[in-house]
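There are two complexes below, and they share chain A, which is joined by chain B in the first and by chain C in the second.
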Partner chain A sequence: MTERAPECCLDLRGTPCPLNWVKTKLRLEEMEPGRRIEVIVDQGNPERNVPRSAKMEGHRIVHAISQNGAVRICIERAEESAP
Partner chain B sequence: MSDFSEGQIERYSRHIILREVGGKGQSKLLESRVLIVGAGGLGSPVGLYLAAAGVGTIGLVDSDAVDLSNLQRQILHTTADLGRPKCLSARETMEGINPDVCVVPHQCRLDSANVLNVVADYDVVVDGADNFPTRYLVNDACVMQGKPLSHAGILRFEGHVTTIVPGRGPCYRCLYPEPPPPGLVPSCQEAGILGAVAGIVGSIQAAEVLKLILGIGDPLIGRLLVFDGLEMSFRSVEIPRDPGCPVCGDRPTITAPIDYEEFCRLRGGIESNPEVQS
Partner chain C sequence: MERVYFDHAATTPTRPEVLQAMLPYYTEHWGNPSSLHLEGVAALEGVERARTHLATLLGADSDEIVFTGSGTEADNHALAGVAHALGDKGDHIITSAIEHHAIHDTVEHLGRVGVRATHLPVDEAGLVDPDAVRSAITDRTILVSVMHANNEMGTIEPIAEIGAVCRERGVLFHTDAVQTVGHVPIDVRRMNIDLLSLSAHKLYGPKGVGALFMRDGVTITSYVHGGGQESGRRASTENVAGIVGLGEAARLAGEEMEQETAHTSGLRDQIIGGILGAIPDVLLTGHPTQRLPNSASFCVAGIEGEALLLDLDQEGFAVSTGSACTSGVSEPSHVLLALGLPPDIARSSIRITVGRGNTAEEVDRLLEVFPRIVKRLRDMSAHRPALAERVPHD
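Moving on, here comes the complex of A and B:
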């Protein structure tokens, strides 16, 4: 499968946990299943917490790339975001 | 959801994080309309939690003024509110917690003439009434209009709570077809009530209302949850729908709201109007 470009990008540098995840989740809710979003978060807690929360809701982490003190995380929206 | 303000995203973040709520659920809460009958012991925790949760429109029915003896449990009101209408004092508290919420005061006593009009404006109703006439009136009106109703009662260290969804389970009259004779069931005024018990039972009502709006979990339909605060225990009693119920049964005999006095006269002339279970 070829890498699809993320639909949108959210720059969440400077946004603390858990608000960075809350904003990511709100965006994911509006997307079609299978679509991707790229979020940029700070290193440290955000780079651990945001992917963990996304996975807990069934979304897939496509990749996470460290870059200039921040982390670009590509998330693919799950089929069902709510039970 | 992009139509949340930054402040709303932060305010409701702990809701939005919940898998069962999310932005869509929070939007449902903001668009919902809940009526609370009674701004007293039960109505206080219900009002506080629903306002904090961002239930967009909250109607409050209460005709009383704040009395010093209320403040031991009616946590919507403060000492500075003594003598003020409870509706207004409650509105100030609730809107102070959350400016997203619009509180609609109904400073009146519900009766057979106004109950259908008042209830019609809301999606869910909470019974926190302190008297039997209102309790039966609200139950009947909710059944007639198909409105979900959270019912509860408290006395001393005990409480009970159930959720009535017309068509999906029993109503209050299935459980108690008629009001008890005046004087049989003591009131909080006579028997007392531990303030925190009102908080526990009212908080359960608030959680039930939020679940109903969100469409999640299992509401207390067909179940009476009985709380004993001395033992600190809960038990759940199954309650069946009565096919012969006068209001929600297969052949209802009560098809319009009736006042308690009339109801009692029909059943043999009980005159007084007891204030029960505040």
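Moving on, here comes the complex of A and C:
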């Protein structure tokens, strides 16, 4: 299962929408399809918007875990390159 | 007549690949990067991708890049930003005698609000001595600003050594790298750089866009106040297409630097060898080897640089005398005077800066007409100094 572990972690606490999503997207673009990234975002709008944008571009949300006022979101890169 | 452009230190042509990358940001993704909707996000994506490309070229983190309206603005921002932010810590800036006007005049302006400046001299090759920087630092010093390479005579300064001195003494170090970014390798970490200015149009990007690298942890006062763009560090709606162009130019430069340097330095050396070999009483200005790969600059004793420029222009060659910003003014350049050259010799300067599009055949053609024009101009002027006796030697 090691290949399924998140490839990198991006700490986006304090980074507003939609910059948090754009930074996530640029990182996803550098990754192979099927690989995973974990991003940490603030609760509230970021916690809703980042997964929503990721899904809109075909990526899969593996999980989202609330922790100490922030949310860890694990995203799996889409098989097809993002539109 | 076919034109030959030999003035790449003044500006470079926008690369077609760069223009192609920019166009969609005028035609499709013209949204405001601060908007939350899809149109905004598409524009923001362009800006952020460019930030990543530029950061990679400098060995920086993308959060350390602030886009500006030009290299000049980045210089102004760095100097005024430090002076304001650290005003209670000190009031002394160290710079060099050969800086571009964007630094030189900003330092002078800050003098009116109480900032004192030390202008370090250079040797006859145009080098700043890192030990002189060390000696000039006092407990009131808040910033050292020394350019990476000089735009008029091409000398590359020992900025890694200067950076190390500044880091050791706990003083911020800024470098104007407008002439080097994309042409000479830069690693902001290894070179201990805190602040660095650059400009897109010197690396085959568009005019009117630049950037300031600000090391993580360095907080300086904003220069343009207003909205919260660039994480609050530079207000105003982003020049999205321009920034995208800068990013693409940086990406291409990083990929092709080695190849391009081999090409341009070959042409540069062909020019230097050809001119020094064919014409008596010509002086190569700047350092013989530690110089920009694209820059050949000379003083041609006995003639006005501007007359030579205009005659070359008529023959189809675009060159420069001194800095593009100072040409048109008949005052000898402060840079050439700082090398210890007499004013009349300094007025005889000519700068030939090559680029990726130039060829050896173009240089051959220049080397054919150049000596002929110099001879005609010298024949017209009665006065002909013996250069060797009049310029400083080591």
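Please note the rule applied: the second predicted complex is superposed on the first by the 79 of 83 C-alpha atoms of A that agree within 3 Å, B and C clash if a C-alpha of one lies under 4 Å from a C-alpha of the other, contacts with A are read in each partner's own complex, and residues count from 1 in each chain.
Quick note on the criterion: a residue touches a chain if its C-beta (ideal position, glycine included) is under 8 Å from a C-beta of that chain, and two chains touch if they have at least 3 such contacts.
If you're wondering where the values come from, they're calculated on a predicted model, not measured in any experiment.
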item: Which of chain B and chain C A:18 touches, first, second, both or neither; value: both
item: Touched chain A residues, chain B compared with chain C; value: B
item: Which superposed partner A:26 touches (first chain B, second chain C, both, neither); value: both
item: Chain B versus chain C as contact partner of A:57, first or second or both or neither; value: first
item: Set intersection of chain A contacts, chain C complex versus chain B complex; value: 18-19, 21-23, 25-26, 53
item: Touching residues on chain A, where the partner in the complex is chain C; value: 17-19, 21-23, 25-26, 53
item: Sites on chain B touched by chain A in the complex; value: 1-2, 4, 9-10, 13, 16-17, 19-20, 22-25
item: Residues on chain A engaged by chain B in the complex (per definition of touch); value: 18-19, 21-23, 25-26, 29-30, 53, 56-57, 81-83
item: Contact set on chain C toward chain A in their complex; value: 36, 40-41, 44-45, 48-49, 52
